[in-house]
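Two complexes are shown next, each including chain A; its partner changes from chain B in the first to chain C in the second.
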Partner chain A sequence: MSEHIVKSYDEEFSALHNKLAHMGGLAEEQLASAIDALDKRDTELAQKIIDNDDKIDELEREIEEKAILMIAKRQPVAVDLREIVVALRLAMDLERIGDLAKNIAKRIFAIAEPRPTRGLAGLGQMGRLALEQLKNVLDAYVQHDADKAMEVWRSDEEIDSLYNAMFRELLTYMMEDPRTIGACTHLLFGAKNIERIGDHTTNIAENVYFLVHGETLDDERPKSDTTSMTHVSYSQD
Partner chain B sequence: MSEHIVKSYDEEFSALHNKLAHMGGLAEEQLASAIDALDKRDTELAQKIIDNDDKIDELEREIEEKAILMIAKRQPVAVDLREIVVALRLAMDLERIGDLAKNIAKRIFAIAEPRPTRGLAGLGQMGRLALEQLKNVLDAYVQHDADKAMEVWRSDEEIDSLYNAMFRELLTYMMEDPRTIGACTHLLFGAKNIERIGDHTTNIAENVYFLVHGETLDDERPKSDTTSMTHVSYSQD
Partner chain C sequence: MTVMDTTPSSAAVATDAVAATAQEAVEAAQPAVEREIKMAARGVNVFYGDTQALYEVGIDIANNEVTSLIGPSGCGKSTFLRCLNRMNDTIEGCRVEGSITLDGENIYDRALDPVLLRARVGMVFQKPNPFPKSIYDNIAYGPRIHGLASGKADLDEIVTTSLEKAGLLEEVKDRLDQPGTGLSGGQQQRLCIARAIAVKPEVILMDEPCSALDPIATAKVEELIDELRQDFTIVIVTHSMQQAARVSQRTAFFHLGKLVEEGETNQIFTNPQDQRTHDYITGRFG
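After this line comes the complex of A and B, so read on.
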């Protein structure tokens, strides 16, 4: 049977918005679980995170479909069009954040061995900071609060500098004790995943700014991951 | 002065298509240059790649804007709507591929030191394979050739298994000679970037399939990056 009720634009938009809120909540949850699983090296929880990623992917597809149908059917302009475009972009960033949380969860299997790993605490710290920023930026989105979004945008530098410190720290551990190379490499990738979650959170912040002000942020995003250019000095050289 | 010529849908779509073709060409070029710069450890070329990334980002924004305006104005259905949605999605994947090529270029500064690095050849091999797949999938898109796209889709496994081999190889080098840890870590990230370019190429292949057949590919994508779960045995244990 076909649907006989013609929904208003507001109803349709609020359905889209609810889906996005649900997706944001799931992404937060996945990241929080990944940090938790990392702290406890809990492979059971890690597996749950991996299994749950499908739900986020499915929500992205649904949001894309809904958003595009709304653009075609309603031909929204100005702020209404911006709302839908931003919803589309946020869904993309949230999907990537979910993916990165899943990647962190996958690494837990490789570092689940009994030997305590130095660097794990630093990773947890990075993760908690990224989670806090994600929560704040999603709040800023819901409240259409561009100032709050800009606060998040500016604090991405903190995550980047934690990442830079982690990178050097982990390389030092590996050089001091080559037996830790395997585990440290996984932690390095985990740290890189969290750093990229920070970048997606920054994207979301920029989109909240665009939503509220109708124009794209001019300033260059604060980018401080300098590790790709890091030379490492070799004590044994 | 305002534009007085009313363009036909076909003209508008062909303008969109041209922009996307331009973007695809740029992404290929950036990846090819990154492989080249890696082979020769050419930091000047690396810097050029980094500078050129802005052009790809700008094209993505233009394509998004054009696509969304077309959906709103023309209210396309069926295959016409699919064409525009796929163009939007491809632009996203190409933007990410450009980003990843830039990331590879950044690493070149860190490994530009005179000491020859084992593993560099393997990375070049991975890169060339990824570039070939990217070329093939963009051809498949232009020709609306779903079979060709599926060939690319299936061969992503080759890149993944090269990545798995590289991962183990680089870890072995690091354990054998801790002085190489810095450089090998950068190569490891470079390899991961190429592996992810392969994933985006696979996304594009799936979208070509969707474009031609009007439905989403059912099979699970062949996923063989197992390194995140790799335990490493320690010779010194």
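After this line comes the complex of A and C, so read on.
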């Protein structure tokens, strides 16, 4: 992309991109730490994640301010307008991802003592997949690579099916041993959080597509989270 | 014992279909609105002496649409605008090749009287240029010379309606005998628009009609343009990209004497197809 005649306009864009890169990096780091802390049930790390969330929130506010000011000052059109609108949307998705990672961190305190022995492995696997997707989609954004973004968009299904499997697995544990209900519920919410992170990641992928092509991807994404329709009956013989 | 029942069973997804459907969606988004062509230019070349100012310009201008012509200074947009009512005839050494039609009739036909053409294709200029006459006479002038009014009452009616359509009547109705030059800049420009409307043209050409006006007067003229679209076909040259985006349905981008891209305004300003259009509207070259 060639430069604008007005240099300060380009400087505003690079400042906006830097803030987003910083925010994306932080969101990745928060999610990675959450998975790590979950694996080790490390409450110290969990507390650090909770404290760090403020930084992400602050970055979202800064990005929003910059973007609004740019719209007011520059009246952007075409790709410039898309860059700014996408930056706003990305910041929102990243902020939500940060919140969800924080929520996982909070639950680590609850499961630190009555240690659930099962279900953790599946959650870790889901988390690592979501993290990889997030990394890929942020790379796609930085490189303006719509194809790469679409790969992420399509693979969200994997996270969904892992979530379905987790859901059934955890319900089974709870039915087998009601003493695990507390811990398993926390794990279930953790899994749901990761599934939501996957959804935000696909939002970002759709925005990268829009940024590059100037068209909204109006296709319905293949949805395979079926847990809201899963019925479990419990019978005692 | 536990029994689980998941409905529906996890859906099989054809991932290849995704890209294909996205492409179809893009194609389906093209509007299928029938445009009624008022003026059409084909292969228009314009020369000032030995210098060529326009190269093979072809464009359709549709009824009840505002078409804006944008592009950097010297790109030929004003030259093209002036071709549409043969204002270039008056310029020494100016030669126009190709065809421009109004309702299918070649306007460069020798049999066609340029004065009558200009009654059908009116013009509003950059700087408000009212005649040094009363407000009333400014508007009555055209209908008088073209013999459009059958008497005083008829002429009064034309003056009133034209001022009303130009959104100026309320502001000047008590001082129609005052000089037009005594009005504010924005009012003068609307007076010129009223004057252009008075001879009942079919097409109105506007050459940067707001560049000498303040933002409030500009907004009033833009609002007026939008209303006039119901009755007239409008072609506007503007340096303000935002104005083109606001007032027009179609936008044509000129560069170095060539028509680079023409299309729906919404599309030109959100997703231009030509790199030069893109660079111009986003402020990357001028």
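One rule holds for everything that comes next: the second predicted complex is superposed on the first by the 225 of 237 C-alpha atoms of A that agree within 3 Å, B and C clash if a C-alpha of one lies under 4 Å from a C-alpha of the other, contacts with A are read in each partner's own complex, and residues count from 1 in each chain.
We adopt the following convention: a residue touches a chain if its C-beta (ideal position, glycine included) is under 8 Å from a C-beta of that chain, and two chains touch if they have at least 3 such contacts.
On a predicted model such as this, the values are computed, not experimentally measured, just so you know.
In the superposition on chain A, A:106 makes contact with chain B only, while chain C stays out of contact range. In the superposed model, A:143 lies in contact with neither chain B nor chain C.
Of the two partner chains placed by superposition, only chain B is touched by A:181; chain C is not. Using the contact criterion defined above for the overlaid structures, shared-chain residue A:92 touches chain B, although it does not reach chain C.
With both structures placed on the common chain, the touch criterion links A:14 to neither chain B nor chain C.
In the superposed model, A:81 lies in contact with both chain B and chain C.
Across the two superposed structures, the residue set of chain A contacted by chain B and also by chain C is 75-77, 81, 171, 175, 229-232, 234, 236-237.
In the complex of the two chains, the chain A residues touching chain C come out as 2-6, 9, 74-82, 150, 153-154, 157, 161, 164, 168, 171-172, 175, 209, 213-215, 217-219, 222-224, 226, 229-237.
Chain contact summary for the complex, chain C toward chain A: residues 1-8, 10-11, 13, 15, 18-19, 21-22, 25-26, 29, 241-242, 245, 269-272, 278-279, 281-286.
For chain B in complex with chain A, the touching residues are 64, 68, 71-73, 75-77, 81, 85, 92, 103, 106-107, 109-110, 113, 171, 174-175, 178-179, 181-183, 185-186, 188-189, 192, 228-232, 234, 236-237.
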